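First chain written, first letter: the chains are A, B, C, D, E and F, and each begins at residue 1.
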Amino acid sequence: MTTIRLWTDEEVSANPRVKAVFDDIRLTRNSEFINNFWRALANDPDALERTWAAIRQIMIAPGALDPLTKELIYIAVSAAHSCSYCVHSHTAAARAKGMTPAQHAELVAIIALASQTNALATALQIPVDPEFEAGTIPR
Amino acid sequence: MTTIRLWTDEEVSANPRVKAVFDDIRLTRNSEFINNFWRALANDPDALERTWAAIRQIMIAPGALDPLTKELIYIAVSAAHSCSYCVHSHTAAARAKGMTPAQHAELVAIIALASQTNALATALQIPVDPEFEAGTIPR
Amino acid sequence: MTTIRLWTDEEVSANPRVKAVFDDIRLTRNSEFINNFWRALANDPDALERTWAAIRQIMIAPGALDPLTKELIYIAVSAAHSCSYCVHSHTAAARAKGMTPAQHAELVAIIALASQTNALATALQIPVDPEFEAGTIPR
Amino acid sequence: MTTIRLWTDEEVSANPRVKAVFDDIRLTRNSEFINNFWRALANDPDALERTWAAIRQIMIAPGALDPLTKELIYIAVSAAHSCSYCVHSHTAAARAKGMTPAQHAELVAIIALASQTNALATALQIPVDPEFEAGTIPR
Amino acid sequence: MTTIRLWTDEEVSANPRVKAVFDDIRLTRNSEFINNFWRALANDPDALERTWAAIRQIMIAPGALDPLTKELIYIAVSAAHSCSYCVHSHTAAARAKGMTPAQHAELVAIIALASQTNALATALQIPVDPEFEAGTIPR
Amino acid sequence: MTTIRLWTDEEVSANPRVKAVFDDIRLTRNSEFINNFWRALANDPDALERTWAAIRQIMIAPGALDPLTKELIYIAVSAAHSCSYCVHSHTAAARAKGMTPAQHAELVAIIALASQTNALATALQIPVDPEFEAGTIPR
């Protein structure tokens, strides 16, 4: 159940702005499959173009972090926000980019550990150490 | 302002269980500095030992992910949970492990992008694609 | 799957306190339909009365904001809390109050944008400008 | 305390990409004041340009919702995410756009009410009514 | 720094509706001290009366849970929402109601443990066991 | 739909480390039923052992809080984190430990009340009273 209509391929073909983004997604990913996220965003071509452009710039263009590391970070944020759709889609994406079961297990362990120590720091309202300003302290 | 007392080095020295953990933290990190998180946890030696053991096992022991990647994931979770203490402490830790300004910028960009698409997926209640079950779809 | 029993109309009719609230909901909304939220709250008549009274006072009584604006704010909070039930029910309510597809698209875009800049401010731990105290700064 | 350096006006002037965005912010808002959010984002010109472009497109360009309504929605999301910086900056922005004390009080009451019913729906795991699919049910 | 003015005792005395609530808070708590939460809510007498009435009904009136247990639950929710003000005020309240250091340590340990297993269940998207419907399974 | 395989009893029997934990869960709970949470964790024996050890130490070993109070706190955290699996499993666990319908109603009312006042404190950015440092103020 969704709060918005998901666009079919026929509807996409009839709208040049939406079609251009879908074509670029297919070309970039080298796959015919377009997931529901984009079929929902198609209702707002501005949002569709803006979101795909940001993903191209941040996730796909070469950068300082490798593609798999980026997906692991994405999964971590999605889990912390309790976004079921996003955990599913980005776990699938990470596997497609080579995430091994051991890496997945370690990712999930870190997410759980961070959630635990986040809760400790918040429940105890621990004051930030002035030493962290300098950014030179190991953990 | 905290909701719990932070232990001084004198108090730590007087409690063998707490002292053993603090000694191991100093030895492992090769630094005399102990941050407030541990001085707060010292009030509950069980929690102190359990938390440090988990950090040793997950963050410090060699694994499938490198130490810097682990810190980036930790920062992502901490930011999503709005944990000020944790964002500060783990950003400092990531810098100590070699995080460059370009990597930091990219990390923050991914956190913001994921927060944005998480919000889109949740606000539109987009149904999970059955294809994600198989875990073979690129994004 | 729920953690509490949903009351049927027969059960409601047999309990005067619950029936009074359900009657007022039907009268106020001019509709026979009562959604599951109220059928769940019926298990606790105090909570049922308190919650309906708050909704009457805040959402239904004339105020400084118009009814549709109130629903848009409600959807924004519900999406940020990842409350699937609430996103569905209040998106339906907003449509019943005249929300157009263009307004819905804009609402969702603002929710996503705010989630993104919230994440940036938190991940970077940006200090609050003293100018905001005065409440006179445009964005 | 922040995890990133805030750019001074001198540094901004020395970087053409950053200066162009700051100039446009000043021109668009008709104010010399630039808040810390932008001085932090200046560290990543891509993020700075992308974020300002999204704010121009969503918050400033004429659309289906009026500027004050947009700010109220922004505050609601920021409060739900517990983003102190964002609550402060957007409450100031809403006041600059004419938010009255009565409107502010009503906004805060709706945020609190939604948080309360979100919690009820989640704690009771209430199933979504199939009637909401059609989007025609009043509340 | 707050987004709203905190009322002084002089201002409270000049407003009969606000004064009536403040008088009742002082009488109920048997203390002259009124914390900032109420001084902020005073700006909206409807919200002030509604919130105090709910606290009287849920937290103060005799019920199925004892007063200290209620405060522990309140702290748990406040920590999970990363509400600094609320963690401080309700930890103080719990201590005033007799919370021992051992009980506090155990509370914080449960909050951290639940945050950890919540994260595991969400990151792994574990399906709910049908057996939980019946509510008869021990953990 | 899950992002990880759930282990069958046959698979568990073939792995001594996993089998040892499952045997201890069955013995401790005096029940043959093992819920999906553990069948998912079985993929990472380290996480399985660490999580079960923490639950034994915090939730099952005698402590300063009684077992039912511990479960109520667990439910409160799980609801605040919007963890559907956890709300279901711990509500079932609380019922198994004797939670009455009146206690459940009161728990849910406190969760909703705290969510409401958390939102008020955050939306208004109310400053923490210095009196709370001492921990002696009743609410």
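Definition applied: a residue touches a chain if its C-beta (ideal position, glycine included) is under 8 Å from a C-beta of that chain, and two chains touch if they have at least 3 such contacts.
The model shown is predicted, which means the values in this text are computed figures rather than measured ones.
Q: Touching both chain E and chain F, which chains are there?
A: Both chain E and chain F are touched by A, B, C, D, going by the contact rule given at the top.
Q: If more than half of the interface residue numbers appear on both sides, call it same; otherwise different. Which is it for chain B and chain C?
A: same
Q: Sort out for me whether A-F or C-E is joined by the greater number of C-beta contact pairs.
A: A-F
Q: Among all chains, whose Cα centre is located farthest from the one for chain A?
A: Farthest from chain A by mean C-alpha position: E.
Q: From the centre of chain D, which chain's CA centre is farthest?
A: Farthest by centroid: F.
Q: Just curious, how far off is chain E from chain D if you go by their C-alpha centres, in Å?
A: Between these chains, centre-to-centre, one finds 27 Å.
Q: Taking each chain's centre as its mean C-alpha position, how far apart are chain B and chain F in Å?
A: 21
Q: Mind pulling the residue numbers of chain E that touch at least two other chains?
A: 1, 3-4, 46-47, 51, 54, 77, 79-84, 87-88, 91, 105, 107-109, 111-120, 122-125, 128, 132, 135, in rising order.
Q: So what shape is it, when you link every pair of chains that touch: line, ring, star, complete or other?
A: It is complete, because no pair of chains fails to touch.
Q: Which of the residues in chain B come into contact with chain D in the complex?
A: Residues 82, 87-88, 91, 101, 104-105, 108-109, 112, 119.
Q: Along chain E, where are the residues that touch chain A in the complex?
A: 75, 79-80, 82, 84, 87-88, 107-108, 111-120, 122-125
Q: Which residues of chain F touch chain B in the complex?
A: Checking each residue of chain F against chain B gives 1, 3, 46, 50, 54, 57, 128, 130, 132-133, 135.
Q: Would you mind writing out the residues of chain C in touch with chain F in their complex?
A: Answer in residue numbers: 1, 3-4, 43-44, 46-47, 51, 77, 81-83.
Q: Which bits of chain D are touching chain C when the two form their complex?
A: Touch residues, chain D against chain C: 1-4, 6, 29-31, 33, 35-37, 40-41, 47, 51, 54-55, 58-59, 63-65, 69-74, 76-81, 83-86, 88-93, 95-97, 100, 102-103, 105-107, 109-111, 113-129, 131-132, 134-139.
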